[in-house]
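Below: a set of structures, written as structure tokens.
You will see subunit A twice below: alongside subunit B first, and alongside subunit C after that.
What follows is the complex of A and B.
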């Protein structure tokens, strides 16, 4: 039995469906059950959280978690589907430490909020950046100018006024 | 006596940060209490660019992620596209790919050793490392005309067959390199100052290392016997004889030794690849996607159009890059451009472990531990 079906048996209420992501077993789960399924997944031997991907589909967001078990040599993919308005899902940073940065990156670029994250702020882009670039409705025609302020914080403007010398 | 904590800023421009990375260190005397990493200075929005390019156009962008080892980047992306669309690759092309991957692994580890030693204040190794790297770069130049950003591996094969005189020159390189690695070991491994700087520095348990998302040689220095080439075999690796190089000391020295072992192992693989390289013979003419293009299939590439449309679907594909697990997550909506590309870069995830690793150490130890993690900022910031 593949691990996705195992999860469906353990959490019949939280799993929407099981299938495959190309060649890896996939379970689509409800966002309410994510944290307790994640803890179980870790118990099952999936010690490595490879990557967290946030995808904007226009009408919905998907957050995809790819796991790899070093001991069992197995793959598992978990997917959570979120509404397009104010997407929010539980943070896994308490289970996998690497999720801390991966979630910050997803928040930064896709704009998905992670509830219970210890330090949810931008990681690649400057603080104060306007918008989340990997969203499909991100306006690329607006230029943004970044300078470093006197006490080290990032200053972002859309008209370049912060570039002028005072 | 009243003492207070001091905030020290290291970077973004600092010789030992291997690019532009900033550490915000909270110091108690000489001891690091807290280390916060600020990044993004080299963020070019590669993932966003990927959504605006066709599948073929994106290959050169992958070169510029981890510019020290660009072949694995090429290959990881192309492998994901091939898995997505179910593209066959001629056997000879697979062998050439493995050849480039392993050669690039040696180059990467040479740069890593050179810069690590330079960070520690020993300038000899970078001269030696770059001397041997030059030979490898000349091989790359023979192969595809470029020395760092190759754009050589493409869906369905590789761009060109091996040029005349490549294999003899490669054999020369292998023979030379064997001696050189012994030299490096004699120069570095037994050096008392080096051992003093590396042993029992940057220690982390295996469970923690996995939990913090470390992978590749950095993780194998923590006694985790894993190698994606072994546990999720790809290309022709199942036919080749090699072992995952593991060390159990969990410190900086172990992570350094794994690199030395891996260079030897790569040479071992290269020798097998040279022996087993199948002869050049034309391949079948499979058709992919929409646009018929000029050009016939060659010995190292199936017929492949410049613009093609893979079926709707999504794929996550990972390889064992020199720095760790490099993965590409591609979502296709059936058009000529990827709907979403996500890059799982080894440097980014390995860097996650640094703040925990250096707590309670001094700044020079941070530099030693950071050097053995082997980070390229183009790969971190993407």
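What follows is the complex of A and C.
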């Protein structure tokens, strides 16, 4: 049996639907059941959380978890659909350690908050960056520039007068 | 003809003239005012200070070791033996900008890297030149509409030569280097006043 259907049998209340995404078993789940399903998925042998993706569809956010099992040679995709206002979902950093950085990346670029994350701050962009650039409503008309402060820290500002050539 | 019966006395031996350093200078055309020093019985040559300085500068450009993206791989290929940038006296990629007078901006200049690139440039002693390599450094390239990439490195530092390509092949790099040498050759008041060749 494919692992997505196995999850649906174990957690019938939390799974919205099952299917396939590019030949990988896919389960769309409710965000309330994510943490306990994740623990079960880890027990099933999915030892590698390869990537977390956040997608902005304009009216909703989707968080996609791609799992891989080295022992079973299997893939599994979990998807959580979130509302567009204040998207928040449980952190998986307690189950897979790699989720720490992957969730920070998703937070950085898409702005999805992960509840219970040990250190939820930006990972790629400097701390003072305004907005989350992979969102559909990100303001591209304003250029943000980075300068280096006295202690080597990055300072973000919209005026690039001390960086650009006069 | 039977090779064993060649009369070796009929073969004329021509002695090749040794090539002097002066001949080499004359061949390059850089020092155009080299007078016939041999007739003057001594190595006297007249030139302008500009010409001598420009010749010295363009013959030993030392680039700073800095690569930002995949163009840097082509930079390494240019420096390696097959394309051999050492022919231009610039094989010594300096690890410190204080010892370098040429900077290749080889790759994508992100907003976060931009102040560092500017700082590297400012740390280089005068005279200094910049070659912008690849679409990213020239205009932003494929990332022109990105939130995080500078739309051309000439927004922050002056650029002497632009090399297009994504990434440019080593031949293009060498062509760009030759263009920079031409530019350095014509620097200074000597060239402006028509004293240089």
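Keep in mind that, in the parts below, the second predicted complex is superposed on the first by the 159 of 166 C-alpha atoms of A that agree within 3 Å, B and C clash if a C-alpha of one lies under 4 Å from a C-alpha of the other, contacts with A are read in each partner's own complex, and residues count from 1 in each chain.
Simple rule for what comes next: contacts are C-beta pairs under 8 Å (C-beta built on N, C-alpha and C of every residue); 3 or more make two chains touch, one makes a residue touch a chain.
Keep in mind it's a predicted model, so treat the numbers as computed, not measured.
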Touched partner set for A:164, first subunit B, second subunit C, both or neither: second
Residue contacts with subunit A in the superposition, subunit B compared against subunit C: B
Touched partner set for A:35, first subunit B, second subunit C, both or neither: neither
Which of subunit B and subunit C A:53 touches, first, second, both or neither: first
Subunit B versus subunit C as contact partner of A:44, first or second or both or neither: neither
Subunit B versus subunit C as contact partner of A:64, first or second or both or neither: first
Touching partner for A:98 - first (subunit B), second (subunit C), both, neither: first
First (subunit B), second (subunit C), both or neither touched by A:123: first
First (subunit B), second (subunit C), both or neither touched by A:24: first
Partner chain(s) touched by A:146 [first = subunit B, second = subunit C, both, neither]: second
Contact residues of subunit A, present in both the subunit B and the subunit C interface: 125-126, 133
Contact set on subunit A toward subunit B in their complex: 21-24, 47-51, 53, 55-56, 64, 66, 68, 70, 73, 75, 77, 96-98, 100-102, 105, 109, 122-126, 133-134, 152
In the complex with subunit C, residue positions of subunit A that touch it: 125-126, 133, 138, 140, 144-148, 154, 163-165
Subunit C residues within the subunit A interface of the complex: 111-112, 114-116, 118-119, 145, 147-148, 154-158
Subunit B residues within the subunit A interface of the complex: 9, 39-40, 43, 45, 47-48, 51, 83-84, 207-208, 210-213, 215, 224, 226, 231-232, 313-316, 318, 325, 327, 329, 331, 339-340, 342, 344, 348-349, 351-352, 356, 381-382
